[in-house]
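Think of it as A, B and C in the order they're written, each chain with its own count starting at 1.
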Amino acid sequence: MSTSSPANTTALDPILSADAIAARKPARFALAGKSIVTPILLVLILLAIAVVTTMIGSKPFNQVIIDLFVRVILVVGLYVFIGNSGVMSFGQIGFTCLGAYVAAWLTINPVMKKMSLPGLPDFILKAKMEYWQAAIFATIFAAVAALIFGRILMRLSGIAASIATFAMLAMINTIYSNWDRVTGATSSVVGIPIVRSIWPYFTAAGIVIFIAWLHAISRSGLALRAARDEPTAAAASGIDIPKERLVAFVISGAIMGAGGALTAHSIGVVTPDNFYLSLTFVTLSMLVVGGMGSLTGSVLGVVILSALIQALRFLEAGVPVGGSMLALPKGLQEIALGIIMIVILALRPSGLFGNRELTLTRNRSE
Amino acid sequence: MLQIVFDALSLGSLYALGALGIALIFGVMRLVNFAHGDVIAFSIFALLWPSTDAMAIVFAGNLPWFLLIPFVLAVGAGLSVLCEIVVFRRFRNTNPATMMIASFALGFVIRYFLLMLYSSRPKSISLLPILSQPVEILGARLPLLQLITIIVTIAILFGLVIFLRRTRFGLEMRAAAENFSMARMLGVRANRVIMGAFALSGALAGAIALIFGIQTGTADIQMGAAVMLMAFISTVIGGLGSLAGAVLAGFLLGAASVVMQVILPVDARPFRDAFVYGAVILVLLFRPQGLIAARGTKERV
Amino acid sequence: MTLLNLVDVSVRYGRLTAVRGVSINLKEGEVLFITGPNGAGKSSLLRAIAGVTPTAGGHVEFDGAEITGRTPEDIARLGFSMVPEGREVFGSLTIEENLMVGAGMHSRTPGWKGQTAADLDSVYNTFPILKERRNQQAGLLSGGQQQMLVIGRALMARPRLIAIDEPSLGLAPNITDQVYERLIALQAERSLTLLIVEQSSTRAVMVGGRMILMRSGQVVLDGDARELGNSEAMQAAYFGYEDH
């Protein structure tokens, strides 16, 4: 409902004021200087986790942390588009699917490939790459796909855009679930080399965090956030909203693709349903619980929810209490997780971090 | 030919009923309810005694039809209202993304609750087996159920139209769906209307559960998800908040799926759904506000 | 007798204060205009009274009962009928259905059917055009007709007080004249209390009654509309000359 409340008029002033525009360039460098603390702190937190993990040296725990880093990549990828544009997308995991299969295509032993995926073109059938080379191709492939889809989808906004991205995800899933000779349809594609060291995953997560930060303080990122908060004013001041959204969509798609390649190498198997609704919702939940509008929220949302999931799994496996094993019944873990998420959202509707970022000086709102 | 028409209509019926359940709730509280699919699954499992065995232990499923149907509808409505009271009431004024995620989390809770009680294996049940017999109409052999699905859907739609147009509560619901805060300023009780919408939506979920359960002969925790994806899409291309639009789009989507199944070359048939989703994107590009734009749902600045 | 009593009411949106400490006392049967420039907090005040926007401080009494923090539907049921800015008809409902929504709150009282029919007749008598188009969708009405419809709809609730936000917004002057003519006739006939928000004082001066001028969320002037009218104090206060 529109009111003649002064809220509208006052809120527009800072964006439109001539001073702010004139001062943009130096202001941006100042912004970079001040806000770089955030990605550095976030990477340090992840580094601490990685160091502790190597010190513990437990294999299952190692895998848990690898999963954590992969999730960080995916959720930061979501943040780049959803957080900055304010458009809810259900489709980004589609790019993860594309990336994962590119990694599978390029790294599986050619002899095996010929048997399981005979429909692949010759040059892919012969390829045998290192995991990191394949990951680069996966990233590029996903980015190109995001560019093509984005050109079409970014004309939409609001709920129509959300559902269109949903349709895109379902489309990718349908194709990959049925294209027998190229993707193996719904059966698992096996034989992807597994990378067990946590460091490649940590490095990738760190790079992705810095990319997300660079995008957020870039001209395009700032314009996109301005458009998210004040669409009318942003359009009036000449921001090409579809274009800025497309930029974020492609960067996000690339990150999701890289995340997909790493997912493939972390578990060694891919099926289309690994990259469908449940992964979409797990990652979206992490983003929303952490705080959609905040890079800190997206990284720490993953850390917090992952820790929670692990703790619940631990309880489900059973804890010795005075000689007998006390275990939660199966399924209770997910139920507890769901309830905890609802409670967090009810208490903090804009997520744990809202729009705030982690800095050394507290209370700086974006 | 007749077979195709009936296939399209019966598939469309399911989508339309699902879309209606979502549109009803969206109309009164701008919530895209992802838990709806799980309410469907819950309604069918309520007929079985909790057990993790592969064999279903039928419990309420043995009731005669005139008790069975109200039972399932009541379970759906009850669970849906419970969701409103326990969860969604606390999210009335939050943004749609948060509400959506909360509804997803709630669906997650319901799904795993079922999983805990019944295990993830689909269970075969036979409800009202007479309905699976074929009948012959105008030279085409059709399962009786298909016919009944279509008739029941049409009956439900008529009933709903009469309820919305002729009753005081229906009037308040339509007013609230169009402009919730104005309706409240005219003394329409918010809680009553929202609970009514949830009850109706839940009863529709129960209806889908019954039809689906009889059609497939199984109770599957995943069953809601399959219908829901298409139902969501129908709701949006129908014009979010427009009930007529949701129904229309549900039938169109059903028809599109069936027609594509027939006209696509054999090699492309497995990809049928991909073409349907592509068509959905196209429709959104040309009519982002949906086929029937509901008044009062345009984004308010 | 006091019908509406505002004591030190404030409204805040985030860090922004739209209404700061407004106190107004409105007697039964009184006509009060609240005027003031855009952003003075008039609409926010009205919405706060109606329970649509929460108050940040102070309290509101209606007919002797405290209504601060109560729901819009409860407040409406006490006899406070709000006609918000921008008319807000239910566009997909017919005109008669729109009117019936307004009457719904009394559906539990005995004799409701007969009374509603009588009320409907009286609204149709006041606004014959509505009767003519009773089965059409309200969204198809012109702006002036919509304004009549929302006033009629408010009347169907048998209110003690009608609060109207900018009835002249977007209407041609002669249509506005018609709307006001009917409004004042109704007021006299039913001893209604009227609370009208307008940006300019022109209408208040024409119609007469009491007038309050708001600026920056505060009451600046309060007095007889015709006396305040075009006085220099009014001009100065409206445009805020005293600041310079």
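Definition applied: contacts are C-beta pairs under 8 Å (C-beta built on N, C-alpha and C of every residue); 3 or more make two chains touch, one makes a residue touch a chain.
Small disclaimer: the values here were computed from a predicted structure and weren't measured.
Distances from each chain's CA mean to the overall CA mean are smallest for chain B. Among the other chains, A has the CA centre that is most remote from the centre of subunit C. Summarising the inter-chain contacts, the pair of chains with the most C-beta pairs in contact is A-B.
Centre-to-centre separation of subunit A and subunit C, using mean CA positions: 50 Å.
Subunit A and subunit B have Cα centroids lying 31 Å from one another. In this assembly, the C-alpha centroid of subunit B lies 41 Å from the C-alpha centroid of subunit C.
Touching two or more other chains at once are residues 84, 88 of subunit C. Taken residue by residue, subunit B touches two or more other chains at 181, whereas all remaining positions touch fewer. Residue positions 1-2 of subunit A are each in touch with at least two other chains.
Remark: subunit B residues 168, 171-172, 174-175, 178-179, 181-190, 294-296 touch subunit C in the complex. Residues 1-2, 88, 152-153, 155-160, 163-164, 166-168, 170-171, 174-175, 178-179, 231-232, 277, 281, 284-285, 288-289, 292, 329-332, 334-335, 337-339, 341-342, 345-346, 349-350 of subunit A are the ones touching subunit B in the complex.
Across the interface of their complex, subunit A is touched by residues 32, 87, 90-91, 94-98, 100-102, 104-106, 108-109, 111-113, 115-116, 181, 225, 229, 232-233, 236-237, 240, 270-274, 277-278, 280-281, 284-285, 288-290, 299-301 of subunit B. Residues 50, 52, 71-73, 76-77, 81-82, 84, 88, 90-93, 97-98, 100-102, 104-105, 107, 139, 153-154, 157 of subunit C are the ones that touch subunit B when the two sit in their complex.
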